[in-house]
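The first chain written gets the first letter, and so on, giving A, B, C and D; residue counts start at 1 in each chain.
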């Protein structure tokens, strides 16, 4: 009985993130458009795009291999699973202990690995540009992320998102420099990982600047749809990770009634909205940087992470 | 009586060292050969004296060998070689005569110091003799390494060997002395013949320097 | 009893060598010899592996010991199988079996088999002996013998000058390492020479001595394992050998070296002061990052793999260093976790590195090319090899749900326990090392995107690559066997961790919590509230959601598909030359890291406008470690020989002067002697 | 009476006379082998037939080992020399007359060395060693080429000086012994000296040892007294190179060890160890460096002999049961291995018609047996397992490191450098593209592989009898 109950919640979680992901993207676009005094596409535009893409048939490059056709599913599945492992409105999900934060990041890593391979499969120069830049960025973003995980894990004494959230909400953590640094670094990493301005511009096809788009240049139809959905899920994932770690309030405990869960969902949606708004603001506020400035940008994130870890020992010797 | 025998033996041995110095001093080949003959002569005398005081008749043989072979035959042979091979009459030295003498002094002092550490109860005669013998040996070596002519090097070797004989005879009742001196005479004969065969005009050096440069696979 | 059986196996391997010589003598029987040797070694290694597995499982009952009347007189040759030895025997013989199976097919293409066949079984035997040896003499004898036989295999293709050179450097470094170990054992055994490991265990060495021995062991075993900066020989020697031997050297022999280090540092030695673990830790971290950076700069497939061996050795040593640190501070649980992580990575790396080298070997066979710049598009020509190689790439890049991730994840968990360490140096060092570990993992992923993408994906860059043919069934069998192992070890790590428990108990007096009982086969290093990972669930989860999505889309939405020329932003590019090459792929990373680490600089020559000359971009890189450490030694020795060589050309008089001087000096010594 | 002891002297002496008389070189070659075999069997019988030592001849554990080793290598070398010399005659490098002379001299050399080993009288020993020197001088010069004569000449001069120094040392020992033992021959007899050594005058003994060390050290080939050795090895006929490296060096070393024992028994005298250790280290490191720029294959292995003599002298200088054992083992293994290497090299030089390393290449392709034989030999001499020298080097280094860390590190450095130099040349000789004529060799591989087989076996198994023998000797050496 309890198992079915848990399974139910797990399923609900998966569906929720799947449904909310395009919405978040649409929302961010809307915010940006509004800030630019434009009408902007309607909120549900991403859904429409996805459905349209799914209906189209796939145009495949002549020498694309079987791997090229499998990758979209791998990427989508990996990202989806990762996203659904993050506690959003209710902690202590059924499978949440099957992968801790490190594993979630690694899952995203595998998704990226295959996506980069896809960029190389057709054998075009643009694909190469995209993949090589992507892995370069990742090679800096992942250590930074790990450092952040260290900081948080050392504070919370765990890498398990649910227990970390529980610890945070308990308020034992208090207000700390390390936490602030970690938050900063995490935001920077999130921006880089989701190919947002200033690291990358999801809306451009100007070959010299694009990274993510260059990799998926050869994709079309349902494949493209899956990959877009995957990237939308990724954005959602990062926002909800930040939310669950730094604003853990409102997340319903495992033994919670319907009301608590309602509160949980509501608060989660609000958090997403706030996150999206801030992201939109940020993106409109600054300009994209040259590709080879990115290492500096991420290096700062890495430094923040490391600094946070070391400051812990100073602030309180664990 | 004992004092006198001691003094004579001592005197003879000392004069051998002196003669070695005279050898170091020479810069003409013929003179050197003559001095060497003198060296051998003194050796013969001291060996004979030892034979007398130890009344060891076999030592007279050694003395005789020294006298005939070293004092007469070898110098004459070398003389002929010098003439036949037309070797320069003056001795090329690596180190000048003066420094060589100083080195020689040092060596003598060294041999004294080394030998005087020998506890005195080993009888003084042997001890003094040994000191002189060591000095002669070292001076002979010094001569070999500071003279360039093959002939003078042979002379050096021979005076070294004279030192050995002196030591051997000084060692009271030592067996095999005669055999040893014979063996050495053979050795020296070999060397002299070798010089003659290989036409070593000036120095041992020439042989292998040329060989190195011309023949060996070890060219630099 | 087990050890006796194993020794029989070793004897069988050794006996194969002369038969191989006899058979291989006549060229027309080379085929027979090949299948005989590799078939035989396959059988024997499988047997040995099962023996090892048995003794690992029933370890708690007994340690099996035997003493043979050979080796040093008055000592005899001691052999012993305990948990640690059993585990490494398993690794060795598993790798050996896989290599033999692969070689059953691959070896048929060998053009000078008589230079490979006799040494191959001997090499396997030597590695087994190292692991079983229980006294200093047998250990070092087998150790150096292992180097020697592998040297013979490295120079099997001796007409290629590079191979002989590689073999030369390899042999020198091996001799260096062995002598370092010899000195270490000299310290342990003392001047009265009790070389038996039991005697050494019982005689408790002082902390200072222990530290010195630890450093010597790190140098000796590290130089064989390929620890930076002693790695110089490894990327030269491993690729030079035939591919199945490369797999053995990279996948197995480096592990034997790790075994040597563990045996000395954890078993024979009293615990040294905590700060020696810092040396091991920092060496491990530096090795990991340097190795992968070197690898990124390569475009020779086998050399790239060899450099990745260096990286993974670094990761293993990080685990071992952590374990030493925890052990020194009396934290057995954490020490057990770190040690288990390191050992599990030993196992994993031996699996996927062998797999990758097999893949490289298959490619080499099919195309005759090791240079990735001449490959490409092989996934169409040899799909099965490509698939197996891909599995290896994912595994070595430490990506879930395969095994590479699990061991690195465990290492991270161990690192997260570091704040409990009392000593400040470690407090600060360990997180930094963790950063290095993360960096190396990310870079490894990048490197294998390059390796797989450039050589298997895209379009063929040379006719050789275009005409490649799928390799034979034996080789494929070997590769798929290892790939399956990668998956199993990835999704069911609990089994392996439990199997490793006795080792931890034996070496640090504690073992990780029992994993088998947990629901859904999760693994929990310390406590569930802290961290847990369930590869099986993640795997099922991903597969399910992926296939559900595929099913749903194909059913509800379109499943139509058209082939068309590549789009590529509308640029038509007929020539495969316009693809990204390995070096151009690595260019961003080279810009980021290479400028500082390798003094890499790019020189672009642009022809003046209108000129028809092509524009050129040349990249210059310096191997600083080689320049700083090895070149001076070579130059110094050259100088010394130059100067001393004069003594061959003196004149007799000068030689006499030497004698004279010696005499006078000695007499002076006498004169001034008190 | 003729017991085994005098047998090892009489057989070669008689054989020498016969060989000098007989004209036909095929017969003499066989006779030579036969005589050597006979000598060897007599020597072996020493272990079973108990023969007591008299005033002139001595037998104890120490020289038993040396005698058996000497006669064995002498036997195998004679077998090798049979095939070698026949080839030399075919190509006309030697005339039958010279071969006759050669064989006679060979037996004289055997006689001299055996005499040096069994002599109970230090004067007699000295005479024997001088005799051995003179015979080898003659044999080194036997080719009558300019290089050969020059090498012989150099050997002769340096050797004579060495001998002279040794003699002076011997006299000094007598002087030291006389006050204690009394005048006459008994003051030169080992078995007597060894019993009374404690009362000798220490200062005299010190001076004596210095001269003996330099005198016999010249024969051992210790740097800086080594100058004669490389050329003598390189220019003489290869069997003689084998005998020189394998035996004569050992005989000189044996003399040195005897006197070391004498000094060791006298507490007041200076310890002989440090001097020997110093010379050993110098030789080892120096020779290791000299290996690099060699262009003549035989000269290179001659330098490796210097290196190994250095290691051996180092081991004996360090002293102690383990180190002495290791020194003996190393000496035995080195004799066998080095002579095996020279067997291989001799045939290689005959096949390729040159000794220049630059003109020899890819042997494992053209002459696999010779090539791999050489590789095996070099592997052995470089101290790689599973061959004998590995065991001895293991024992030397590991047993002395605790006592003298820095010295041992120097030694290890020398060994490593030597390894490098050795294999640097081996790579071009044995591997790579073939160079030089590729005719198959008509050679007798038996002696070479016999030696290597023994060395290989000894690397992993030493028969207990041998071990006990060595242990007794090690105890004798203190």
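In the analysis below, a residue touches a chain if its C-beta (ideal position, glycine included) is under 8 Å from a C-beta of that chain, and two chains touch if they have at least 3 such contacts.
None of the values given here were measured: they were computed from a predicted structure.
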item: Between the pairs A-C and B-D, the one where more C-beta pairs touch; value: A-C
item: Distance from chain C to chain A - Cα centre to Cα centre, in angstrom; value: 35
item: Chain centre separation (chain B, chain D; CA means) in Å; value: 31
item: Centroid distance [mean C-alpha coordinates] between chain B and chain A, Å; value: 99
item: Centre-to-centre distance between chain D and chain C (centres being mean Cα positions), rounded to whole Å; value: 44
item: Multi-chain contact sites of chain C, meaning residues that touch two or more partners; value: 645, 648, 652, 656, 659, 663, 667, 670
item: Multi-partner residues of chain B (at least 2 other chains); value: 114, 117, 141, 144, 204, 207-208, 218
item: Sequence positions of chain A contacting 2 or more other chains; value: none
item: Interchain contacts, given as pairs of chains that touch; value: A-C, B-C, B-D, C-D
item: Complex contact set, residues of chain B against chain C; value: 94, 107, 110-111, 113-114, 117, 138, 141-142, 144-145, 148, 153, 203-205, 207-209, 212, 218, 220
item: Residue numbers on chain A that touch chain C, as the complex places them; value: 14, 54-63, 65-67, 73-74, 76-78, 80-81, 95, 97-100, 102-103, 106-107, 109-110, 112-113, 116-117, 119-129, 131-133, 135-136, 138-143, 145-147, 150, 153-154, 157-160, 163, 205, 207, 217-218, 221-222, 226, 291-292, 295, 302, 305-306, 309-310, 312-313, 317-318
item: Footprint of chain A on chain C - complex, ascending; value: 376-377, 379-380, 383, 386, 390, 394, 397-400, 405, 409, 412-413, 415-416, 419-420, 424, 427-428, 431-432, 434-435, 438-439, 441-443, 445-446, 448-450, 452-454, 457-459, 520, 522, 528-534, 537-538, 541-543, 545-547, 549-550, 553, 557-558, 560-569, 571, 573, 576, 578-580, 584-589, 591-592
item: Of chain D, residues touching chain B in the complex; value: 123-124, 127, 130, 134, 145-147, 149-150, 153-154, 156-157, 160-161, 163-164, 167-168, 171-172, 174-176, 178-179, 183-185, 187-188, 201, 203-204, 207, 294-296, 299, 355-356
item: Chain D-touching residues of chain B, taken from the complex the two chains share; value: 114-115, 117-119, 121-123, 126, 130, 133-134, 137, 141, 144, 157, 160-161, 163-164, 167-168, 171-176, 179-180, 183-184, 187, 190-191, 194, 198, 204, 207-208, 211, 214-219
